[in-house]
Each structure stands twice: as structure tokens, then as C-alpha cells.
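The two complexes that follow have chain A in common; it is paired with chain B in the first and with chain C in the second.
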Partner chain A sequence: MQIENRSGEPVVPKLKCPVCEGSVDIPDDALEGELFEHQECGAQLELVIENGQLVLKLAEEVAEDWGE
Partner chain B sequence: MDAAEILLSLLRVYTPSGEEKRIEPEMKRFQRELGYNELIIDKTGNYLLIRGSGEKTILLASHVDTVPGELLVTQRGGAIIGRGAVDAKGPLAAMISAGAKANIGPNYRLVVAGLVDEEGAGSGALGLLESGFRAEHIIIGEPTGVVGIAISYRGSLTFTLTASGRGGHSSAPYLGDSALDKLLDAINEVKAVFSGSSYEEITSAVTMIRAGDWPTKLPEKAEATINIRFPPGIEFNSIMEKVEVIASLHGCKLSVIDSTEPLSVSLSSPVPRALIRSIIRNGLKPKILKKTGTSDMNILFKISSDIAACGPGNSLLAHTPNEKISIEELNQSVSIYVKAIEELSKGLVS
Partner chain C sequence: MIIGLAYDILRTEEKLLIDAAKRLGHSVKPIFVPKRIEWLNNTYNEEFRELGFVLERCVSHYRALSSAVILEGRGVPVVNPYRVIRDCGDKLVTTTILASKGIPVPKTVVVYNRDKAIEAARELGYPVVVKPILGSWGRFIARATNEDDLLDILDFRESMNSPHFKIHYIQQYIEKPDRDIRAFYVWGRVPVAIYRYSKRWKTNTALGGKAVKADLSEEQIELVIKSAEAVGGGVLGVDLMETKNGENLVGELNAVIEFRNTVQVTGYDLAGDVVKSTVEVFKK
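For the complex of A and B:
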């Protein structure tokens, strides 16, 4: 789901990193569930909607895999 | 021809590394029947299916070779079984199908590559790199369970240490000179220096050792093969320098067998982002993977650093006698590749 305002235009949110509390720029075409990396602290974050609010939460831990 | 039919055609031709030429008639048929503009077979023997003629290139790269061990090709209960069904003819079939279906922007050219020798020395990917092939975006077709996106691979250094000694009788080792004792000292030092136990650390593993030819003789020659793996951010040269010092300290001869640089790609790079978005648009949840092994991605990273691996199949089944892939997974990956190609070729992700 694309994050849009009431007029149907994409929103450019600026959200807080749950790890370092720094500001994270989210592209205006971001999708709910999209994963981002906070450049400043390196945390991998997931864009979610909680109680109608866009928030970033720490993404599921990066999985390690020895296969091809 | 859908992805399952493409896969069955690929599997019915047994192509362990070195015998990839046998798949040529099938690749020619895919080019004709699926509407690719042309099929190029490069000097190394790689198959390149091409659509569009724009200046920029999106490369979908997988491989046509498999490990040895032919398996009966069958379709049963919504799954396809055969050598390479997972690694990596399944991902390749999904790429060939997606490449024929996707709408490509006018500025783009799409190349679906069936590389050779991925299971061997990687000469297919190296040949493509050395041919001067250029691409802006690269998706690697390897089994990542459909929703997995691999953006990080460890580096690898494999070498042998060879020790020599005068030998002697085992009844009085203090009078002799054992090559094996020197080698073991060197091995223990390598293990102590590269003693990591996680992805982010430098690890070492002794994989082969050879010494001695008689129960009561001190070995005059001893040789060990060691594989060191290291994460992105670690300089290959810094590892090599330490290994050289250890070899010299213990009087061992050092020979490098092969080396591969590690790599790490940002999630905000266009290819990982296009794949993440495409997986979400297909109603699935993307998962980021970091690989402990190496693949053609470590080599093709030198063509474009905008690269990620993604594909159908359970990697735990790769190289096993139980290689199978579900048709549902195959079709999900086709849809994921199509949307990712379309987004990349419109220049919508940055």
C-alpha cells in the first residue's frame, strides 16, 4: 500500500529511527512493509502503520544462510 | 510456454559443469518461442537472451550448469523434481519466463543470462566480466525462498600450506624433523588468529590435510588446505599479509588456490528496493538475507554494484538428491521479477 494523503498524493514522511532516534527520510512512494536502512546507525527498519500512524520498527533480524 | 514448462525443458537436459553446450537447442527454442530478439552465446559459452535495444541494461543472471548427479525428472503434487530444480534451473526458468513477459521501458535492454560453470570455478561470470559486458542493474537468480533478498556475501580465501622436514624415526622424534609438526603449528596459529564464530568475524576452517606414509616414520612432507571467510568491510590484503607471516614463521610454503572479495549492497540501492517493493506488491513479506557462501554475485558485483540475489527454491535442497521446487513458488518468482524489471526500467526506484 502506498502512503498517500487524503487527496491521493504520495506523502513524504520523515520518521524517527527506533534504534538511535535519529531522523529517517522515507521516499514519497514508500510502501507499507518496505524495508529501509538507516544510513546513520545502520539499523534495518520496516515501515508499518500502527494506530493509523506511520512508524518505523526494527525489521526482522537479517537471516543468515549458507546455501547458494 | 510457462515457467514450469521452461523448467522441465531445462531439467531434461543434464548439464553438470563442463557440459553446458548440450542446453543450446533449448535456449534457441526459448528465444524463438518466447519472443526474445536474439540469443548470443559468448566466448565463454554463456547464453544471453536479449529483449529491447535501449542504452541501459538490466541483467537477470542465473546459471545453466548443475553439480553432478543426474536425477529422474518428474512433476508430482505441484512440484518439479530434477538435478538443478533448485540450484539454479528453477530461478533461471522463472527469469526466462519473466523476461519474456515484462514491459520494458524504451531506454532499456533486458538480458537474461544462463551462465556456465557457476558450480565450478565461476568461469562463466568471470568471462562475462572480462568481455566488457555492461549493465546498470543486476538480479542474480539463486534460490532464496522467493521472498529472500541476498544483499551481502562473505569473502573467501583458500590456500595450501606445505611444510618440509628431514623426517626421522618415531621412536626418537626429538632427534628427527617432522614436517607434520611444523604444519600443525602453522595450522594452530591460523586458527588462533582467525578464530571468529559469527558472520561478522573472520573464520577459518581446515578442509584437507595430507601427511605421512608409514606408521613409524616422521613425515618429510605435509600439506593442508585452509579456507578463510571474511565479512564485508575487511580488506583481503590484511588477511593475506597475516597468512604470509604465519607461513613464513613456520617455514611453510604458501599457495593461494582462489580468493573472492566480500560484498554488501545498500537496501536503498535500486535493485534491492525494486525487489522489496515487488515482493510486497505480490502480497508477500520480503526478508533480507546475508550469505555465508559466495556466488556469481561476488564476481558480477564488479559489473554493477546495484545488485541483489533473489529466486524460488529452498537452498537447503540444493546439491541434494532431493532437489525439487514447487510450481507455485516458481510462478510467484516470475511475478516478482516482472514487477521488479518494470519498476527498474521505468526508473522509478532510486
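For the complex of A and C:
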């Protein structure tokens, strides 16, 4: 499942930061897997869909096989 | 055309590619690899039939390899293909292929234990560079200026759990200027390149290296093309090192290119180029 619209549909609501519980602005054309840095607390967050809901979770840590 | 984009993390590069595709009148089908369920028995797949090709963009090498081979198994062209990702993802494989085609690479030796590492390094001459065969962004790449340094590095490597750390890829240290070169190969051309300047010997931009637009010589361009063709071409990043006596050596090849810095400092629309020329290749 992806978030469909680049236009038309209502704007994605503000989501809650899992680290500091502050709110995070997500653009309406965001896709699953997109990274956001929460300005307030500095956390690296990843947008995911859980049970049909958009949520932010702490981004995956860099693994040994990451890169070009 | 409908272009697939296989990814695990949506970075600046993926966004640039999506925007470029849309700008050029194509549509994009994002394929979020971490959430897929792939039945390997289904070689025919309705879901992908409409795709002109898939851009493989997973930041995890093993996810890139896996999703590429699965998509190819279903008859979808993938850029870069599985085989190219494999050959560029492992430095031992890349160097072996390049050397076998007569392409100039730093003198490199592979050994499987510390005694042989010491023996080989003596013959190579210090300083030497030890690299993980898998990995990127300069991580775990170390320089030994003498045998003591090398022993420390080997201790460290031999204590790592991953088996690939027990294969020691040891290379002659190249006295290069305070920079190296990252060139981009796109289907037979070299449209853009940067220097990566750094006071450190590791010039990776991920480690603070500064990107500056580079104008390559005919000879360097030819070397980039030859190197990319050695692994089967497509869209690649090719790293060159300039030696003191004016030679160029190929450091490594990258099959899932990172180019945000290049776009930023050169203004070159590399994402647009990649999309446009890949569409040309696969349009029926």
C-alpha cells in the first residue's frame, strides 16, 4: 500500500513523534519509507503504514550492507 | 511509460527520480520492498506487467540484490540488473573483473588469514589500505602505515562476526592529490563528474569530503566507460584515483548511485538524464 495522491486528497495530518511526542509536519505527497528529521528533538524518523494508519517510527539504523 | 521504483528508504535521490519521471510525462509505481511478499513460484506477475522497467534503489545491498533478481525473474527489466549489482557490491568481485579486462586498478591482494596478510603486505609495501569487501561510505576502511597498524586492524576484523570480514582485501595505498573523482556513467556516456576534496585520505562525502564539479580528460572519460562496460553498463558511479605520475586508477564501481551532492554543486539534472535515457533503452 502506498499513499496515493500528489494532489486532490486531503492533506496528511500532523503525526506524533515517537521520541518526544511533539507533532511533525508531513507533506501530502509523502511516501512510505520517507525520512523526516524532527527539528524539535533531532530524531530521524521514518514514515510507515501500520494497520492502514500513517505513523512515524524511529528510522532503521545503518546496516553493514548499506550504501551505493 | 510506467516506471517502477524499488526502494527501502526514500532519500533525496529517490525523490529526484520520481519528480524527474513525472516531469517527463511518465508515471511512477513505488515498490516499497520491506513490505513485499514475494512468491518465487509465480514467475508471471500481473502487477508488474505494465512496467517499462524498474529502477532499483534499495540502500541495503542485500535488499537491492533480492528485489532485483525477483523482478527480473518475472520478466521486468531492472536498472541496474541483479548481476551488475552483485559485481559492483563486492569489491573483490569488482576488482577481479576490472583487472581481468586490463583496466588499471590499485595493486590488490586477497588473503584469508592474518599470517598471510602480513606476508602479502610486506610484499605490497606500506602503507596499505584494508577494505571490507561489502559496504560503503568509507566505513571500516583503514590504512596501515606499518605492520603494527595492520595487526591492530586484523585483530579488529577477525573479531567481527560477519564472515566477510575474515576475507582480507588489502590494497596498495595510492598517494593521490587531496581529492578523488566520482564520475557518472549513463548508458554509454559520462554526463557529469565531481571531485571529492578532503584533507583526509578518505574523501567520501559521507565523511565530510567536499564535492566540486570536475571536467574529465578524454582519457579519464574513456576509462570510466571501459570500467562500466566491464560489468555490463547501465547507470553507474565510477571512482577514479589520480596517481602522482599522471595515471588514473579505478577505485570502485557503484550500482545504486547517490548523487544529491553532484546535483547540488553541478546543477546537472542527473535524475532527468537517468530517466530519459533509460526510457529510450526500454521503449518498445
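Annotations
By definition in this document, the second predicted complex is superposed on the first by the 53 of 68 C-alpha atoms of A that agree within 3 Å, B and C clash if a C-alpha of one lies under 4 Å from a C-alpha of the other, contacts with A are read in each partner's own complex, and residues count from 1 in each chain.
One rule holds in what follows: contacts are C-beta pairs under 8 Å (C-beta built on N, C-alpha and C of every residue); 3 or more make two chains touch, one makes a residue touch a chain.
As the structure is a prediction and not an experimental result, all values here were calculated from the model.
Contacts of A:37 after superposition: chain B is touched, whereas chain C is not reached.
By the document's definition of touching, both partners, chain B and chain C, reach A:60. Residue contacts after overlaying the shared chain place A:50 against neither chain B nor chain C. Residue overlap on chain A between its contacts with chain B in one complex and with chain C in the other: 31-35, 59-60, 63-68. Per the touch definition, chain A reaches chain C in the complex via residues 1-2, 6, 31-35, 46, 49, 59-60, 63-68. Residues 29, 31-37, 44, 59-60, 62-68 of chain A are the ones touching chain B in the complex. Residues of chain B touching chain A in their complex: 87-88, 142-144, 148, 150, 152, 199, 266-268, 273, 276-277, 280-281, 285-293, 295, 315-316, 318, 348. Interface of chain C with chain A (complex): residues 7-11, 22, 30, 32, 34-35, 59-62, 89, 132, 134-137, 139, 162, 237, 254-258.
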